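Both complexes below contain subunit A, partnered by subunit B and then by subunit C.
Here is the complex of A and B:
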């Protein structure tokens, strides 16, 4: 006969294993994952992409054979430090609210003479979009540790914020999903990836503040435009045009929610 | 294709030097297919070595199990501020690259 005490111990062990959704177990799993993430962050390959971007920033390119060094990202021509933490913002010269990528397209057009269509029509991580990603990596690295600061008192920004809120809750596609379906609740996750609750400040800074990011599993650096586009793809709905108003409106909404939080760009994802 | 520079950091503390290297390489396994269904040829680092003032302190063989843009961190005994640490790799296409950094 087996020892009854041993049997009970076995039973308890089985119970402990078969309750993976128990708070303690999942906390422990999360701890392990966080450790893994910290180990990854030590050698963030975004550095390699950013190094390419820095070269591109200073490289004479396009029909006008000019560099981007005079590009005004909102803090004055050529000022990069902290610039992306304060974007999207309203630009007087274009009369539009622009995010980092659309602003860079403006600079490429006015300074270098590169047609924005070349960026818009390129495939992700190919051609001009690959160059865009490198530039973005360089610029957001210079905002690491800065605080999100977008001006929602500006009427154009406020309008974009409201539009972004509408877009966030707008249900569409064959699955009738909105952004809020996945990002509108506390403590949700997909597999072992937590889904930040983007309605709250904490959630918004966790999401907005850690993108653009390098994704280890596929070895790709993704910009915010790429990230947002993929959200729509996963919604199984029409993918927005690169740099279109809806993407900027969503960015303003997220940045507005994240206002005051610390940016840790470029992020690193599993 | 031209190789891209590595990012290397080396710091000496209490007679031990910690080296951290981020290596830019595709590390293609040869198992993947592109959008047209054609196999993407294998392209990966086969050998990597690190030397301190010309003396090898780490020699390793890499393979397809190593990720794209690999990160390598290790410690060795010795090394002082200003010494040279050089990382070099060779890949299966016969390309190679060496980058050097002074211990800080």
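Here is the complex of A and C:
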């Protein structure tokens, strides 16, 4: 974390793709600012990633050489519109509450024969995780403007909500932090980064409802699993396993708090 | 970490104020157990709570008696400088206050950490990138005074913030071995030295 000017310079250096790293002269800065404006005028930078995802959705892949077009995200096979705004949800076929990413792993396994381990064990933004991010970008774009609608009357969902709440307040590790240390109060920030109060509906919709997102500071598209992983890193805990139940439980908790609020996905972040 | 022996405490009975039932809690612990793994310098046993961490893992503060018990216990952990010297070099202290690095699974060693003080505190007028989880420490020496009581209190607060506020959001820099004694001395100088930017108008 650094001071705002450095942060801006760094952000612009990343945006001005052609500019060498550490380009901080005012000329380069202006160049960067202009390119930044252009980039935003062109629309959400996630569009490129989403376009890749759409291709992947329709591409025959894996040992079974099949597409994902029959994948059921909860609204019936192949229905994408509005699907991610209603996730996590309980799926009868797996008997589990799944978020978008774990559900996609199920589809990849059953339809295409791709071993979920290939996603779980890949590094962020590499291999099958890179493909996952693209698929996610495509799918969440189709929920932009929809309302968060997760069903907490379902007993399995209710249970995950309760677990998620326990996880949210769970203090541990060498710094004694929990999610609530950083997201349990109104109007707080770490250095210059504003922290949503995720205990409240307003905070949860601002936080949960704007993810997955494109991160301008590093030019990367991050899924919700990636976001949660990095928060646990800052919390100084051990590493949560990709798609593990604690990540689903926290997602149900956040989505439950955000219920009824408007989804803006993919988001654009610092 | 020296506190591993305390892991056993995790099996203690739940505080009676716990919102969720015993069954849910047992299930929750099992879920946590299977959801995390060791990566780099961040071992899985970081997920096992110390006694007070557990008491402070609720929406509400623990009961008054519990708070008093925790604070008394944490107070006993504080080690004051053996040589009686509380102050190092404020310039080094400033660097430690600015650095938020350390103890994540992407860090190489658990022994080279920043204090991350600026993550949570305003500390000088010239550094505008400061967090607000903790109170402003601007002009600390003037506000708190430079008598022995104030100096010992501040050392103790940096060493183990929980001794003064059981469920404080501030880490236990000394007790949890985040910072060395020498680093804490530098931070003390940063807070108290009249030449330090903390105390500049």
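The definition used in the following text is that the second predicted complex is superposed on the first by the 228 of 270 C-alpha atoms of A that agree within 3 Å, B and C clash if a C-alpha of one lies under 4 Å from a C-alpha of the other, contacts with A are read in each partner's own complex, and residues count from 1 in each chain.
By definition in this document, contacts are C-beta pairs under 8 Å (C-beta built on N, C-alpha and C of every residue); 3 or more make two chains touch, one makes a residue touch a chain.
Just so it is clear, the structure is predicted and the values come from calculations on it, not from any experiment.
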Combined model on subunit A: subunit C and subunit B, fit or clash: fit
Winner by number of subunit A residues touched, once subunit B and subunit C are compared: C
Partner chain in contact with A:51 - subunit B first, subunit C second, else both or neither: first
First, second, both or neither for A:219, with subunit B first and subunit C second: first
Which of subunit B and subunit C A:260 touches, first, second, both or neither: neither
Touched partner set for A:249, first subunit B, second subunit C, both or neither: second
Subunit B versus subunit C as contact partner of A:63, first or second or both or neither: neither
Minimum Cα separation, subunit C to subunit B, after superposition on A (Å): 11
Common interface residues of subunit A - those touching subunit B in one complex and subunit C in the other: none
Subunit A contact footprint on subunit C (complex, rising order): 1, 20, 24-25, 27-28, 31-32, 34-39, 42-50, 53-54, 56-59, 100, 103-106, 110, 118-120, 127-133, 162, 169, 171-172, 176-178
Parts of subunit A lying in touch with subunit B, wherever the complex brings them together: 42-45, 47-48, 51-52, 216, 219
Contact set on subunit A toward subunit C in their complex: 1-4, 7, 159, 162-163, 165-167, 169-178, 181-182, 185, 187-192, 199, 233-234, 236-241, 244-247, 249
Parts of subunit B lying in touch with subunit A, wherever the complex brings them together: 4-5, 7, 20, 22, 24, 27, 67-69, 71, 73
